[in-house]
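Worksheet: the structure to be examined is printed underneath.
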Amino acid sequence: MNEISEIRRIGVLTSGGDCAGLNAAIRAVVYRASFGYGWDVVGIENGTLGLLSRPIAARPLGPSDFDGRLIRESGTFLGSTNKGNPFAFEMPDGSVRDRSGDVAAAVAELGLDAVVGIGGDGILALLKRHADQGGFPLVCIPKTIDNDVGVTEVSIGYDTAVHVATEALDRLQPTAASHGRVMILEVMGRDAGHIALVSGIAGGADVILIPEIGYDIDVVAAKLSEAQDKDRKHALMVVAEGCPAPDGNGKYGGVGHAVAEALSGKLESEIRVTVLGHVQRGGVPTARDRLMAAAFGTRAVDLLAEGQRDRMVAWRDRQVIDVPIADAIANYRGDDVDGAVVATARGLGISLGDA
Amino acid sequence: MNEISEIRRIGVLTSGGDCAGLNAAIRAVVYRASFGYGWDVVGIENGTLGLLSRPIAARPLGPSDFDGRLIRESGTFLGSTNKGNPFAFEMPDGSVRDRSGDVAAAVAELGLDAVVGIGGDGILALLKRHADQGGFPLVCIPKTIDNDVGVTEVSIGYDTAVHVATEALDRLQPTAASHGRVMILEVMGRDAGHIALVSGIAGGADVILIPEIGYDIDVVAAKLSEAQDKDRKHALMVVAEGCPAPDGNGKYGGVGHAVAEALSGKLESEIRVTVLGHVQRGGVPTARDRLMAAAFGTRAVDLLAEGQRDRMVAWRDRQVIDVPIADAIANYRGDDVDGAVVATARGLGISLGDA
Amino acid sequence: MNEISEIRRIGVLTSGGDCAGLNAAIRAVVYRASFGYGWDVVGIENGTLGLLSRPIAARPLGPSDFDGRLIRESGTFLGSTNKGNPFAFEMPDGSVRDRSGDVAAAVAELGLDAVVGIGGDGILALLKRHADQGGFPLVCIPKTIDNDVGVTEVSIGYDTAVHVATEALDRLQPTAASHGRVMILEVMGRDAGHIALVSGIAGGADVILIPEIGYDIDVVAAKLSEAQDKDRKHALMVVAEGCPAPDGNGKYGGVGHAVAEALSGKLESEIRVTVLGHVQRGGVPTARDRLMAAAFGTRAVDLLAEGQRDRMVAWRDRQVIDVPIADAIANYRGDDVDGAVVATARGLGISLGDA
Amino acid sequence: MNEISEIRRIGVLTSGGDCAGLNAAIRAVVYRASFGYGWDVVGIENGTLGLLSRPIAARPLGPSDFDGRLIRESGTFLGSTNKGNPFAFEMPDGSVRDRSGDVAAAVAELGLDAVVGIGGDGILALLKRHADQGGFPLVCIPKTIDNDVGVTEVSIGYDTAVHVATEALDRLQPTAASHGRVMILEVMGRDAGHIALVSGIAGGADVILIPEIGYDIDVVAAKLSEAQDKDRKHALMVVAEGCPAPDGNGKYGGVGHAVAEALSGKLESEIRVTVLGHVQRGGVPTARDRLMAAAFGTRAVDLLAEGQRDRMVAWRDRQVIDVPIADAIANYRGDDVDGAVVATARGLGISLGDA
């Protein structure tokens, strides 16, 4: 229904966990749509939840909504959510209903000729279902601190998360050294260990545990002892939150502390654990995250103007490319255990916990 | 035994929990002693533990030991410890022995005419006992991230800890706002809430809990709800680690999580907890911490040169003063509940949890 | 005319060079006036210039005007100016007119029962004249990156400026060391050298030049050579912009480059100059600047409520005090050449350029 | 002469302008050579100058030379130089001599079986000539804040320089806004405008001038006026140092100030210029720069172990590749005027100064 010439008005929304660079991405969408094509832009609040609200939670956005500050603020001023799948929406009374029709209706009611969706891989799949159902053009922008969206070298939010995690290691090292302690830093990363791996390399960790590689707690203990026996008495370790506890059970809920407890009987030195948490999402966006946001946001609008739909923008070899959303969803990416980053860690003598 | 003219060689040690600015303080002591008086300086490792080691863990220090980097590194390159009271020293076999005589003997063996001790209030008391027993001149420099040493406006390490805690709030605010959550930040502060109070004011907290003021969890819940009902859906809260859990039991061990649990039944929104931990100790020293370190370190050496002993340097109204160590020990300082900072928090409408 | 009970509505303005912490101060004024006393607050734009505009450039301010971000943003969202003295106002046609009556009229027209003015020492004097003329209660808050307002230990904006200058030295040191160069950093400070002195101490400078102390370029050259002859090949130097050029002529306009030129014939190594400029004003406000802003802002409102007028708030020994504005104006403060900070610099062996 | 099995001892040197990440790269070379292959490593000081010194300025390096801090320090502890081409070496008496033979002799004298050279494109060419002449295997690692080495997506030092430049814009924006000024930031970039372009996009610039695109000062003035006429009174501009002055003459030596002067007659608002200078080289290395350093350093050693020579490591699409040094030299890279980053700038409505 929507050819180039027909687009007059687009919506933009952020969905899933917030991260650094979202405001810059929204700004890029609005600037490009407004300056480049003269389109109206509507900001939809709280992801698809805003489309389920009555009245619809949305507002017109123009370049003047962006003062000079917003570009360097993390989070999303439109709000986001990782709750409330409209295809299986939990009602106040506990019943579950398919409210996806309400989403399509809201898009129509808002008079949107197309939608730019900013989200991680779960969100992309969901948005595509909505677009298919509602028959509206959709272009997506990948964001996730975990950097686990395939086909793109990098997603919005990842670089800042790595920066914050690395800075934490930079701060833990001197206190570890002053007291001859083992410091364990638990970082985000549910299924992919990118944050742990890169921050660990950058911050000088002795051991890095990632979900993609199983670990042996005795190997870990041996490496930490060895590090402390050499020229220094302290050691640093990074653990992705998605790693299983040493007893093999469960996930989430404190693998850092669980590892520390398992190590406490095997090491002589004191062990301290820091669970970094949500500060990883809220750091001042790095220049790289802001560049990605700007490149993705402007290009997403261009794609709509070119009549494309169901595409996701991606970064590869210094260019913005675009791929079918379906391809992006199909290509989940954890750490490549045969890739350059894992090889770098091993090359530096960092233990990944495997034998 | 030690008149001015007799000092030829002094020792310097850091003891207690590490913090930002210790290296700058050691450097100031060495520079002043060397450039100003031509004295030799011996760095004692790991606090008084270094004096109990055999051989004694100590090494000569001169200006050339300080490259341009060390001044901006937190922690202490001499090492520190908060274990091992020599007056009641736990031996490997579990028995407890008074090894204070070994400390005095080591000071004599090293040929030290005086000692500069850098530590918090517990350490100051301990060092004074050693100096009294060993008959050596002692001058102390206050350091503690908790800023609970009385008589000085500020101790080394405090400003950096506040900086790191404030930055954490700056990072939690956007992610809290994006998802309409309550964010709780647990910061250090066992008996004094200075870090919590100042970082909370600086970071825009709605509620701040400090050990000096008892709180009512229902008051806290009401304030958070009120904050979220106004123009925004999120709220920020800072808790000092030394606050009791809501059930009134115990201390340490996660008051942040305990408060969150107690609130979870009283608030509708999601709550997230961040326990900041040791990154508060290891931040890049702020300019103010480095200034304090430099002012205290140079002045401590001057005091020894003037024939003073048993003095602690302190900062008051832009000047370095000095007071008897005994006075410093006697004047523990928590947050002044009638003082300017508490008044500022209340003036901003921040709840301190009391009715 | 204004007793406590009569105050219903106050104005707030920022004037003079902008700095970090102004937004936090405005917020504190608004929060305290609104939450504490139920007063209306009017934000006056661009300092006194806003009162000369027709229509008057001012707007109502309430707590909801402050999202969670503004507290950590430097500058002033009300705008500021260091142009346009209303007592000698330069008209578009070049003529000069006394427009102070317009200021008083505007205050009356806005229905303001009192004004909170945030400014440096020149501004304080000006505002006091307006208040005297217009008969309205005035309370002032000191702000200046130069920290040259007497009677207060610290003014808003100073701590952040020192932070930025110190960070610059932290960045210049490694590149100086890599190439064995002399690095000269020119920082702000027209008549007072506080920024230069403290950042120089904190950043490990070998030479610091401040307006309060005359320097001899040969002494400077000798010190830099000596520093480079020892254990390292590089040297660091900080110069306040207000120092005279080595030929004794003039001020402003590049003393850093002038010093470098004068040194180039006296030193063998390469010299590089960095003029730090306006980044000193715009750094993210430090926790200390935000605390000062909050303490000053809330207390200024309290003073008005107490029926005080013509007072300036100040910080001394961990308390907010208040003094007559006239005293603050009369007590300009440069670096105390006999004070603790200068003594610290000399104690570290830093040359201040004097023989 | 050097097959895999023959390598026992390698040299490593840094040459050209220093930047962030060099220490991390040296560390990676030493760790990989030592832990992975058991080789000895010799650190050559001050680039090729160290090989011309008598005695040769070099020292053995092992893992214990790297404390936990060095990885996060910018610059190079080995020293660097951008003076002294050994093929045309300026002697103290002013004569010029080919001392390349001395380089080869020094490599032989040090017993080096191979050399890892870390440098920018000029250095790579020079080192290759030395390797060809001396017959020793050479592998190179690209570093340059300008990011102008072709074939690699990114060189060491670039990301940190962009970070520092972006942060400067973040600091200039609030002060520009407070006073309604035009702020011009001059950043490094002699022939390539990457730093200017990316920091300008990330920092919200209205105009960005890069050497690759000619500009018209009237176009610039018009854009700045337009930006100030809209919703704000301030504007931001970034200029690469390598842009010609508005009068078309010369290069280097203050294009920022020259542009400001040319604009001063065309704009009503005040203009302020900041020349960022060497702080761009000395920022704390970003995680990305440290990752590049680690990946390049470890892989360079692997290449030598594999019997490769005359290769440069490069980063492409998340992998470390390697290319002939000659290809890297031949593929200088400025901003791709048809590439994604330039398109992004234009897409945001940023003026690049062309009509």
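Order of writing sets the labels: A, B, C and D. Residues in every chain begin at 1.
One rule holds for everything that comes next: a residue touches a chain if its C-beta (ideal position, glycine included) is under 8 Å from a C-beta of that chain, and two chains touch if they have at least 3 such contacts.
A quick note: this is a predicted structure, and the numbers were derived from the prediction, not measured.
K.L.:
Counting hops between chains that touch, how far apart are chain A and chain C?
P.N.:
1
K.L.:
Decide which interface, B-C or B-D, involves more C-beta pairs in contact, and give its chain pair.
P.N.:
B-C
K.L.:
When the C-alpha atoms of chain C and chain D are each averaged to a single point, how far apart are the two points in Å?
P.N.:
36
K.L.:
Taking each chain's centre as the mean position of its Cα atoms, how many Å separate chain B from chain D?
P.N.:
Taking the mean C-alpha position of each chain, the two centres sit 40 Å apart.
K.L.:
Please work out the Cα centroid separation of chain B and chain C, and write it as a whole number of Å.
P.N.:
29
K.L.:
Taking each residue of chain D in turn, which ones touch at least two of the other chains?
P.N.:
Expected reply: 69, 73, 170, 173-174, 176-177.
K.L.:
Which part of chain C faces chain D closely enough to touch in the complex?
P.N.:
Those residues of chain C that touch chain D are 14, 18, 22, 73-77, 79-82, 164, 168, 170-180, 183, 233, 272-279, 281-283.
K.L.:
In the complex formed with chain D, which residues of chain B make contact?
P.N.:
Within the complex, chain B contacts chain D at residues 69, 73.
K.L.:
Using the touch rule from the top, collect the residues of chain A that touch chain D in their complex.
P.N.:
On the chain A side, the touching residues are 24, 28, 31-32, 35-36, 63-64, 67-69, 71-72, 153, 159, 162-163, 165-166, 170, 173-174, 176-177, 198-199, 201-204, 230-232, 234, 236, 284-288, 290-291, 294-295, 298-299, 301-302, 316-320, 336, 339-341, 343-344, 347-349.
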